[in-house]
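Multiple structures follow.
In what comes next, chain A is part of two complexes: it sits with chain B in the first one and with chain C in the second one.
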Partner chain A sequence: MEEGGVNVIDLTQGDESFVRELIALGADELRECIQCGKCAATCPMALAGLEFFIKRIVHAANLGLRDVLLEDSSVWGCQSCNRCVEICPMDIKPYEVIQAVRRAAMKVESCPANTYEGLRNLYRFGHAVFPKGFEERRKKVGLPEKPPTALSFDELRKKYQEVLKQTILEEIAPFPLD
Partner chain B sequence: MAKVGVYLCHCGENIKGAIDIEELKKYVETLPDVAVVRNYVFMCSDPGQDIIKQDIKSGNVDRVVVAACTPRTHGPIFKKAIEDAGLNGYLFEMANIRDQDSWPHWHNKEGALEKAKRLVRSAVAKVRLNEPLEDRYEDMEKSVLVIGGGVAGMFAALDLANMGLKVYLVERQPSIGGNMAKIDKTFPTMDCSACILTPKMGEVAQHPNIELITYAEVDDVKGYVGNFDIRIKKKVKYIDWDKCIGCGVCTEICPSRVPNEYNFGLNQRRAAYIEFPQAVPKKAVIDESNCLYFKSMKKTGKPACEICKKGIPPKGIQGCPADAIKFDDKDEYMNIKVGAVIIATGFKPMPKHYFKEYSPHSPDVITSMEFERILSATGPTGGELKRPSDGTKPKTIAMISCVGSRDERYHPYCSKVCCMYMLKHARILKDKYPDIKLYLFFIDVRTAGKDFEEFYVYTRELGVKVIRGGRVSVVDVKPNGKLRVRGFDVDLCSPVELEADLVVLATAIEPPDGVEELGRMFTATCGREGFLREVHTKLYPVETQARGVFIAGCVQGPKDIPESIAQARAAASATAALVIPGKIKFEAIISEVDRDKCSSCGVCVPLCPYTAIRIVEYKGKEKAYIEPALCAGCGVCASACPSRAIKFNGFTTEQILAQIDALTEA
Partner chain C sequence: MKKIGFFLGCNIPFNRPDIEYSARYLLNELGVEVVELEGATCCPAFGTMPSLDLVGWAAASAWNLAIAEEKGVEVITGCGSCYGSLNEARYHMEKHPEIKEQVNIILAKVGKEYKGTTKVWNFINFLYEEVGLDTLKSKIKNNLNGLKCAVQTGCHNLWPSRAYPTNEDNTFFPKRLREICEAMGGVAPNYSTITDCCAMGALRSTASEKSLALFKKKLDVIKEEIDPDVAVTGCSSCLLQFDAGQALLVEQKKLNYKIPALHIAQLTAIAMGADVEKATAMASIPLNGVITKIKGGN
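Right, the complex of A and B next:
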């Protein structure tokens, strides 16, 4: 968007190399999207009023509008419900486009603050998101305090962290990986 | 005394379900002159028809009324059955007690019965007064005129010629080929247009049954289907085509420069020119209005230039080696007789000057046909991609669809082919110049034909940007010479703009110049949008209201090459079905003037939609005469004649009045 309140997008600012980057990051069939709108019709986040809902993200990606996409945090709102993948008639896997944009965004450290928190939790505990006070609730219904995941098994968690250290996380993690 | 047989059809339950057939039968038996009344479940079936035939053969019946469905579909069936039994087919009436009675009055049984009684009574009243009439047969000229030498005209001519008919192919340009010859590659196969068309052009020129007459127009039409008498004007060429060998010398040494219409003014031609390198026939013509010889003759009476003929001797440059230049040439006329005509005069691309919002004055804002010429190897740039303004190669091109189409201010229709050819242009460009930036603006992307969707997705995969969302609002010329394109991208939910080096407008397909006048010569009409009108868009797409005159290709409406060829071959087939039998039937339901009663008022003449009525000398006076072959039996003249001098055979005044009386009787 231009400064000074003129709401117009300059298409020639689109970067073809960004399109190729996204394709390389997993959005293989990005260009085949014919903008039919079926993904947007099923997306629960579009219903919730997300500004850059899935169809808009795919079109902006096709136009190579790197800055427009990375400046908006909508791509982090995707709930991974997979409805768009199931319904896409051109089989382009819109979810993979979202993931590719996220990967591109992480490389340039363009993501909301809670993304990093989730990433840190994922590394430390094996869970990106968990509700506060989960121990009491589990005890109340007669379950062991900790779930049978990396939270309960230290050795497993350490092995899991070793695997994560061998991914791109090593490069881009804004927190120490110990 | 007539012996009327009345046959009541149950039509399964369609009629019997609402009308009490037994009651109706009892009533009809009481009508005057009714000799026999029968009923059957399906009168149109073989056993049903046999019932009627039996009565005729045994002499019980000499008039027939069938009370059943609609004569539009079943009239001919019963007429034929009656004729097979030996009775004149016009001694027959149908009362439609299904579409006009049982169906609309299904829930009003009493009313339906009452109406059926009246309808049958009316048919009986008429048939009693019917006269035996004879259909006429005339010999048919076994030749066809095809007007228009584009792809549709050529394919129609070839099919007809291959069926053994003589074909005259008349084309108003010096060469055949039409719009298709101007195209670089064709979708969806990406065939080179000239490569697939030129063999056909050669075939047309060499076919023994095709007489190719180019640089000519239809001048006058007389006659009617089966016996058209047509005068063709062969326009003056100033070059003797019997001698011209198409060497091109005159086109190279002629000093006059004229904007080349073939390339929409993007380059120049000479006054002596050959239309394009693959022209068929490959012969030159001289454009009188730009020729220095004629211009100087007009001004001073002395010729200032005869270079094409004499060359430039001081420089050792020879003139025409075949001595074909003929400054005293004149228009030539020829008369031909044909049985039928196919009009295939194509389309005209809409020029850009109407669209002020797109800066049409800029040389870098061009129409898609102009762009096609730039891409063509035989075009003004030899196939090199160059901006018309400065000859540099454009790096960013914007293409805009629906310019003049889908627009109430210009043409409300969709021109059909633009979405596909925009994608085609994009594909051609990306193949040659992978880094070129292309932005295609669409309202909708209409790629409906065979293999078109695949073409669309493939083009997207090349990285071509497709912007949907209504039209581009404006194209401005910036101070640096580039073009700013402003639009709205519905998928991005945002106004968008870009700076382009070249803007291509997909302007509408328009009817060709002069199509209305040409149609009128044949009493074929144009529709609201200016294209020649077919009789029925679904059932009869190649017939016009003028019998024996067919249409094919874009003159009927915008369409692509596969459809033009399919329609041309359909028109050839329909024409052949008419012409090959050798005889043409004229139905007996026509009007006739009783010239002794005619008062010469002339009211009927302009009323006839088929221009069938003329004033002709009769017994020393001028009387109206209806050409039987042109009369379509509409009845307008008969009802308008103040002297009651016109008899409408099959629907006479007495017959109609008898029907009215029967219907309105208490």
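Right, the complex of A and C next:
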């Protein structure tokens, strides 16, 4: 999109099979959107000034604009706050459209690098957020260095990894699941 | 409730263990036994499994919920994302039995089963509904002494309301956290951006500057409309933004005032007599004024 220019959507870029893919990935009410804009009025992405906020994402999804959606990082800025789901008068669950776009993007490795970092941490340690120096912070408040989560129990962590290996992560993780 | 499973998540045990200390302290003071959910993991966070696949998300959440079921306890978490992810996964499995079925095929391979019998609480609803404001009042050792609180319930503690077992009467006009602060002797006025997002989370990771600018807008409104002594959050991610995020804005010279911030578990623990050093050990914005006021000074 050009700064200050007129946005013209090239409908020839629309790919109906992408719409069907998104519907299959969880955006099951996508077609019901009437573009009323209520979601945009509450969307933190819109308020923060991201060019591609919820209403536009749903619009592009409905037109099957695969490249537009997969090349823009906006869907990864969604807070998953679900305000849009709460207020959508057509109950299309707009947030689930975001998730569907993310799922389609993951399949073609089109996601920010920190998404992989989170997944790698989740698999290796059982925790997507795994910052350095936590042992000291925990000691400072009188807690054991490690919390009693999968991090402290090797056998349970391995079992959790077995669970993840049976999911789609096995197919799309760009790191070894061993 | 005599016992409850404490779901830690990631940010609380690793970034803000002062919230973990506080939560354990307050549950103990309330006579609620904290049951450890050994082997629990990330909820999982919205940017991980939920962004890959619905069944994978549900399976990862069900692993955690099954641990609580095995122990026969309900679950409490201080993190909004954990509250959202676990409850939403639970909702999807309840609504779509075929997802639950697929999840149980996966879990069976590691000797586990998800039944769907547990319930996930956050601290706001637990204090408000399960404990009750009268009991809470009776446990207070340090009255908040008119401390003016700007409350931040947190997105995931409110929406999507259909996924939550209990909630505010009107999620766009939340009152529970305000009433909790007031029951402990504080003052918690409404303000016009009370339900606005703190902008932590995916927005902060994807567009840091825009996230902090949006957060600053909220802070400016809070400062102008109610000029509070402290911001009180219902979510650990909101606390990270209100504390470390705000400190960053000050450091970048984009903010010329400071509003100290506490998670509701911290504020409640302090009101119940917790060790203040431990309960606020990771705070970036000094809380001296807040503590002095609670202890009876001005």
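Operating definition for what follows: the second predicted complex is superposed on the first by the 166 of 178 C-alpha atoms of A that agree within 3 Å, B and C clash if a C-alpha of one lies under 4 Å from a C-alpha of the other, contacts with A are read in each partner's own complex, and residues count from 1 in each chain.
Quick note on the criterion: contacts are C-beta pairs under 8 Å (C-beta built on N, C-alpha and C of every residue); 3 or more make two chains touch, one makes a residue touch a chain.
Small disclaimer: the values here were computed from a predicted structure and weren't measured.
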Combined model on chain A where chain B meets chain C, clash or fit: fit
Which superposed partner A:Cys78 touches (first chain B, second chain C, both, neither): second
Which of chain B and chain C A:Arg56 touches, first, second, both or neither: first
First, second, both or neither for A:Glu32, with chain B first and chain C second: first
Chain A residues touched by each partner, larger count belonging to chain B or chain C: C
Superposition-derived angle with apex at the Cα centre of chain A and sides reaching chain B and chain C, degrees in steps of 10: 100
First, second, both or neither for A:Gly14, with chain B first and chain C second: first
Closest Cα approach, chain C to chain B, once both complexes are overlaid on chain A (Å): 19
Of all residues in chain B, those that touch chain A in their complex: 396, 437, 439, 445, 456-457, 460-461, 463, 465-468, 486, 489, 491-499
Parts of chain A lying in touch with chain B, wherever the complex brings them together: 7-12, 14, 16, 19, 31-35, 55-56, 59-60, 62-63, 65, 90
Interfacial residue positions of chain A with respect to chain C in the complex: 26, 44-45, 47-50, 73-74, 76-83, 85-86, 95, 99, 102-103, 106, 111-112, 114-115, 118-119, 122, 126-131, 134, 137-138, 140-143, 147-150, 152-153, 156-157, 159-160, 162-164, 166-169, 172
Residues on chain C engaged by chain A in the complex (per definition of touch): 8, 10-11, 13-15, 17-18, 20-21, 36-42, 44-56, 59-60, 63, 81, 84, 106-107, 109-112, 155-156, 158-162, 171, 196-197, 199, 201-203, 205-207, 210-211, 213-214, 217, 278, 281-282
